[in-house]
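In what follows, chain A forms one complex with chain B and a second complex with chain C.
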Partner chain A sequence: MILYILKRLGFGIPVVIGVSILVFLLMALIPGDPALALLGPYATEENTEQIREQLALDQPLPHRYATWIGNLARGDFGYAYSVDRAVAEEVAERAGATLLLAGAAFFICVVLGIGVGVVAAARQYSWADRLLSLSVMVGISTPAFWLGLVLIVVFSIQLRWLPSGGMVSIEGGGSVFDILWHLVLPAVTLGFIAAAVVARFVRTQMLEVLRQDFIRTARAKGLSEGRVIWGYALRAGIVATLPVLGLQAGFVLGGAVYVETIFQWPGIGRMLVTAIAQRDLLLVQGGVLVVAVFYVLVNLLADVLQHALDPRIER
Partner chain B sequence: MKAFFRNPLTVIGCLLFGGLVGLALAAPWLPLADPNAADLRNRLAPPGSENHLLGTDTLGRDILSRLVWGTRVSLAVAAAATLVAAVIGSLIGLLAGFFRRWIDTLLMRGVDMVLAFPYLILALAIVAVLGPGLLNALIAIAIVNIPFFARTVRGTTVSIARMPFVEAARLGAQPRRRILFAEVLPNVLPVIIIAMSTTLGWMILETAGLSFLGLGAQPPQADLGSMLADGRRVMLVHPHVGLLPGVAILILVIGINLIGDGLRDWLDPRLEGGAQSAPGAATAVTAKTAAAGEPEPEEAAPVLEVKDLRVEFGEGRKPVVAVDGVGFSLRPGECLGLVGESGSGKSVTAMSLARLVASPPGRITRGAISIDGVDTLRASNEAIRRLRGAAIAYVFQNPFDSLHPLIPVGRQIDHTLATHTTLNSGERHKRILDLLDRVALPDPKATARALPHQLSGGQCQRVAIAMALANNPKILVADEPTTALDVTVQKRVLDLLARIREEHGLALLFISHDLGVVRAVADRIMVLRWGRVMEEGDATKLIRSPKNPYTRKLLESSPRLGKGPKQDLGLSRPEIDPV
Partner chain C sequence: MPFRIPARIRLTLLTTLAGAALAACAPHAGTPPDAIVVAQVAEPRSLDPHVATATNDFRILAHVYEGLVRFQPGTLEPAPGLAASWSVSADGRRYTFLLREDVRFHDGTPFDAEAVRFNFERMLDPEHPFAGTGPFPLAFFFSAIESIETPDDHTVIFELDRPYAPFLSNLAYPTGFLVSPAAVRGHGRNYGRHPAGTGPYRFTEWARQRWVKLEHFDDYWGEPARMPRLVFRPLPDENARLTELLAGGVDLVVEAPADIIGHFRNQPDFVVAESVGPHLWFLILNTREPPFDDLRMRRAVNYAIDKDAIVEDLLQRTASVAHGVIPRAFDWAIDPELNPYPFDPDKARELIAEAGHAGATIRLLATESGSAMLEPLPMAEAIQADLARVGLTVRIEVFEWNTFLARVNAGLEGQGHMAQMAWMTNDPDTLPSLALASTALPEDGGFNSGYYQNPELDRLLEDARRSTDPTERGRIYHRIDRLVHEEAPFLFLASWRQNAIHHRGLRDFALEPSFLLNLSRVDKQP
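Our next item is the complex of A and B:
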């Protein structure tokens, strides 16, 4: 098992390097003077000179990449002029908010997606199944940014139950309860939509599993239907679902951009949008890199988990 | 094509999508207000206003007209992005899947790199580099969707390139390029079309998303996403301005997804057969069934009685009758062999006893079954469940598939013990080891911890038998228990069953297509064909002088009954096998 984890980590390293090369190339291939491109509207004579030297911009590409990676390894992601602080600081501060939102949404996605998928499969063609399948169809077709608006209109404006944006109340905010209170709507928005894809996959997967011989054996043993479905069938069906959950982690991280924008959640997604609008490419670069590396790690975890749940898988 | 439109959901999808596309295409000729004509006196008119069916936006522009024109923009961008991604992605997939080797490695590693990003984050990075704008958004969205096409198409190409007609073309003198585009591509095309229908929906959502973030359509140009962003600013008082464009996106994408599902079922029925269904907890019993009758109070009363059983499959006017009028009874210690070819109804009969026939499509339409005094056709699902694994236990044909592949076999036995007894976990553990020992498994402790794939077929079948014996059943149903096993293993498992029957005084219902095997264990034999009883009687007599011509045929086709060393496997005198 430990050997397997190490092996997967080994496979992860080239992926992370590939990701960094891709991000580097994206920024390096902008036509024109790279220093001016990176600095955009913040280019003064002084910092143009500084960044040329710092990133070895007059050197050939491989050299530039090595310099850039060297800087990253020291935690130097450059300076974000649009917010007037180091990129690393800005990203680190916002990463927490995004992780909280994405984590909560992912939790909803897993619980709701698997729950709906299993129930729909266990009662295939019943009214419950039809209703759930219809909701899932609407779910995978709904734009996250629109659902966010609908929830705000209903729960914040009409019913006044939940706050419409921000992460803490302006007055007396900041307690754990206060943050959770603000988390509900954005997490539900993102989680619901992410859950739809999972539910659809789990339903198909469970229908496949429920026709297997070992399910008949489980019933022949006299196990309760609950045990047969949630114990035996789901235990077998969950393995193939893990890669889909990995994909949905990416969807949640990406979708956070919309949801953070709608709910003014102070995370990396909203930071990226603002940074793009203000043409602060160094900040964009740092944010994209951190999110991508995190996503690679999540997929590694999904892979290891899949191996742990099904030792027959050898890859 | 008819099949495509048979699904009502597909028809709804076509109507939704077709309707919106029709409106968008016909926009220049429709009697709509100028979508860009601002009218500041009529700002934010509510839906249903005079001249403005859906109201006006922040600048007093007609929302209906803007929706139609905005849909046009969104659709055009999404369709173009789909086409670009499909062409480039499919080309990558075709080349990688057809030429393999270094081309495959190079292209697919590149694709993997792109997939390592959450796609929206990558799209944002691309827009950041290219700068905001509708065309740049289109490029970004096309790029992030290339991997999906590349992977899907590669997979299909690899399997098609291995097919005989492609191999044949390769052996001929045809240039490879021609084979790829003339032989392989047409066969990959359905997959590409399905993938396009899937991505078109994503593309619409993503284009709208980028525009919503202010990175796509720039004013005065507007698509559904930027209209939504526009309306968001006045959401507090006039929610309709922002919500209506979202509704348009939703309808468009639902339509596409419904069509996509229909396409997939139609072009590639392997992906999700609509007909497959998950069986419920117990076989349905329809129509009136006779009462099973009180068990007779004599000493050797039957533990199992079946009368006039009829089982049907499928719905409609002409259901298939799998079992028709079968009846028998079984006393403790007795063994009845059910014999017949596949499709003769022998397994269905056996499964019907504890209502294990998959339902749907199966259902019991007539008869009476009594297990240990319980009328199973009239009993509740809960009462049936309490019988299963307790009074009546099953051993199935394929030992590998019959055990859960991911739960240690000891735990699987434990579950049936925990269900039917009040033993605590320590007592259950002892009992599990005892059971595994009784079926002559060499190392019970290690076996209990093993997963099925770590055991041999014969060992798995022994585990299955141990599991069946867990709660001291009165009836053991063995449905082709040796068919999937090697001949040498077969003999040992048969010996084991015979020994257990003797030790426990079990009533054994033994099912096989092989008269030779049945003869070795059964006291009585019942021959089934087409769901009907052909002949029934004492095993020795029936074998010696079969009355029914079908029985004679079965006897002739049974290899073990010819003369020679195979004639008697020594099965009738069970011995404890050494393993």
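Our next item is the complex of A and C:
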């Protein structure tokens, strides 16, 4: 097992390196002088030169990339001028908020996705199945930014139940309850859409499992239908669902970019949007790299779990 | 067999329902009753008034700090601030300020002549022990200062190297706000996150991405502020600012987009506030090369543009038509008899034919977006269409903002015939002397990218700077206004009207022509 994990980790390295090259090139291709963009219209020649030197902007691209990676290897993510603090510090603070949002959304995605998928499969062609399948289709085709705005209009502007953005209240904010209260809308927005894909997959998977012999045997033994479905069929069906859940975890991380922007959630996604506009190269590169590492790790976790649960897969 | 929901799922469902119920019972989203919450367009860069350059930051600073003079509410005229009075020598080079004696900084240290000296020397003297707490990008506002004398604790004398009348307006601008020397000494390079001034509100907290909080300063020398607290929330997303306003997360939104303003005008719970601003949106005309070396062509394009249509339809009345180089906000400096060039395509065609440039191709340098640039691309297209109607073909070349600035500031020669530009200023002197004077050519480091040169204008600008009598100074600007209007070195287009939307509960709110926010006189009812 350990060997397998190491092997999979090994596969993750080229992905992360690829992402680092891609984001580096994309940032280099965006028009505009990063030094000028960072300093604004009142930049003095001296300050501009200083930043150009620190970002090595006068060097050829491969050299700049090598410098960046070399510094990264020493644990130095560089300095983020747009926020006036170290990139590592900024990214670490923002990553916490993003992980909280993504974690909550993922929880909703798993509970809702599997629940709906199983119920729809167990009652195939019933009104419940039709209704749930229709909701799933809506969920899959709904853009998150639209769903987010609709939820804001209903729950924040009309009903005034939930805040429309931010992470803590101005007055006496910061308690666990206060953060959860702010978390509801963004997590539901992100989780609902991710859940739709999972639900559709689980339904198909469960329909297949429910037709198999061991299910008939279980029913013949006189087990309750609930026990057959949730105890036997789901256990067999869930294994194949794990990679999909891994992908959805990635989707949730990526989707955080726009959900965080709509709900002003102070996470990595919103940080990236601002940093790109301000051409803060090192901050964008550092932020994207951290998201890529999360993505690789989450998918690794999904694969490892699948192995642990399904003895048939070759190690 | 009936399908039963298993216990574990039931538990989950119950928890979810309970959560929803809790959320419903939670305190209603809304701003605290003792605070005014303002939606800002971005996270502040610095709360050091000498380091900050953005209007967004100035809106916070204007509550924490004060200068020796301040703009009289509702105008751009300098009035006593931390200086109770002042006098100017006959040659316009010596400014003597008598300071108020009852003023303390928020950190408890007294405000005195030495503190004033510290402030200006930190900005201007590279050898100053705290010069490293910069950079101070707008220090050039005070570059005329030659020496500062402090004959006693409450008198400061500035000796200028030349007569420079805009000195007073510059002192009222945030770059002239005064910081506590003790706080700068204590916090060094981090002073911008630990500000201490003399204003009606003192700084309490800056939480990144969340807010800057200010609190009523109990020892304020002047009339105390009405609300106990102010909160500034950075909400860079335009939609987020408006949903927060609707959902009750903020009380006040500034710089609302044009097409949203109309929607709020008809809502009984909200008030739309608007005011002129010292802003000008114009096209620089390249007077060094044909066709705009010819006065007839410069006037022709001023006649050819339907400015009313641009302001009404495209900018949805968030701007007003400009008549010349001095924005209307400086009401004491504009010639009251001047009107904008009327929309007269026939006259434009006539002038173009006379000048022999019918059918000419014009290169217009434009940008996608930029500070105070309004809607540059749609505006470029509207100008293109209007000029096509008088027989001129316009080729629009678009650049990213900072690239655009670098190109235009280098001078238009060989690059284009016209370029978009917008300025926000604090004195009628600023724009003409930095962008139209002969001494401001790009090769000399100035912003006269269209190379307009006129000895008479140079002389008038110099006279206005030397004049220490406000009435006489106003009369000189009237002449400058008329001269520039007639010579048309720019295509004058519009002045931005600043706007704000707030809940009906805010009382006595008014926008200032300076674009600085002043909430100390504002009250809030539930």
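Note that the second predicted complex is superposed on the first by the 244 of 315 C-alpha atoms of A that agree within 3 Å, B and C clash if a C-alpha of one lies under 4 Å from a C-alpha of the other, contacts with A are read in each partner's own complex, and residues count from 1 in each chain.
Everything that follows uses one rule, which is that contacts are C-beta pairs under 8 Å (C-beta built on N, C-alpha and C of every residue); 3 or more make two chains touch, one makes a residue touch a chain.
Being a predicted model, the structure only gives us computed values, none of them experimental.
**Q** Output check: A:V291 vs chain B and chain C. Expected answer is one of first, second, both, neither. What do you get?
**A** A:V291 contacts chain B only, not chain C.
**Q** Please indicate which partner A:L149 is in contact with in the superposed arrangement: first for chain B, second for chain C, both, or neither.
**A** Both partners, chain B and chain C.
**Q** Name the contact category of A:I157: first (chain B only), second (chain C only), both, or neither.
**A** It touches chain B and chain C both.
**Q** Just chain B (first), just chain C (second), both, or neither: which does A:T217 touch?
**A** Only chain B; A:T217 stays clear of chain C.
**Q** Check whether A:I262 is in contact with chain B, with chain C, with both or with neither, and answer first, second, both or neither.
**A** both
**Q** As a test of reading the superposition: which chain, chain B or chain C, is in touch with more residues of chain A?
**A** After superposition, B is the partner touching more of chain A.
**Q** A:A122 in the overlay: touching chain B, chain C, both, or neither? Say first, second, both or neither.
**A** both
**Q** For A:G103, using the defined touch cut-off, is the partner it touches chain B, chain C, both, or neither? Pick first, second, both or neither.
**A** neither
**Q** Should A:E225 be classified as contacting the first partner (chain B), the second (chain C), both, or neither?
**A** It touches chain B and chain C both.
**Q** Classify the contacts of A:P243 with the two partner chains as first (chain B alone), second (chain C alone), both, or neither.
**A** Neither partner.
**Q** Both chain B and chain C touch chain A; at which residues?
**A** In chain A, residues 122, 149, 152-153, 157, 224-225, 261-262, 273 are touched by chain B and also by chain C.
**Q** Note which residues of chain C are touching chain A in the complex, please.
**A** Its residues touching chain A are 1, 3-4, 6, 9, 12, 19, 22-24, 26-32, 35, 37, 43, 45, 53-54, 135, 137-138, 208-211, 231, 233, 235-237, 239-240, 243-244, 246-249, 371, 399-403, 405-406.
**Q** Using the touch definition up top, name the residues of chain A that touch chain C in the complex.
**A** Those residues of chain A that touch chain C are 31-33, 36-37, 40-44, 47, 83-84, 93, 111, 115, 119, 122-123, 149, 152-153, 156-157, 160-171, 177, 181, 184, 224-226, 230, 261-264, 266, 270, 273-274.
**Q** What residues of chain B sit close enough to touch chain A in their complex?
**A** Residues 109, 112-114, 116-122, 124-129, 132, 201, 205, 208-209, 212-215, 225, 228, 232, 235-236, 239, 242-243, 245-246, 249-250, 253-254, 256-258, 272, 276-279, 281, 354, 356, 358, 385-390, 393-394, 396, 398, 401-407, 415-416, 419-420, 451, 453, 464, 467.
**Q** If you look only at chain A, which of its residues touch chain B in the complex?
**A** Touch list, chain A to chain B: 15, 18-19, 21-23, 26-27, 29-30, 121-122, 124-125, 137-138, 140-146, 149-150, 152-153, 157, 204, 206-208, 210-214, 216-225, 227-228, 231-232, 235-236, 239, 250-251, 253-255, 257-258, 261-262, 272-273, 275-277, 281, 284-285, 288, 291-292, 295-296, 299, 309-312.
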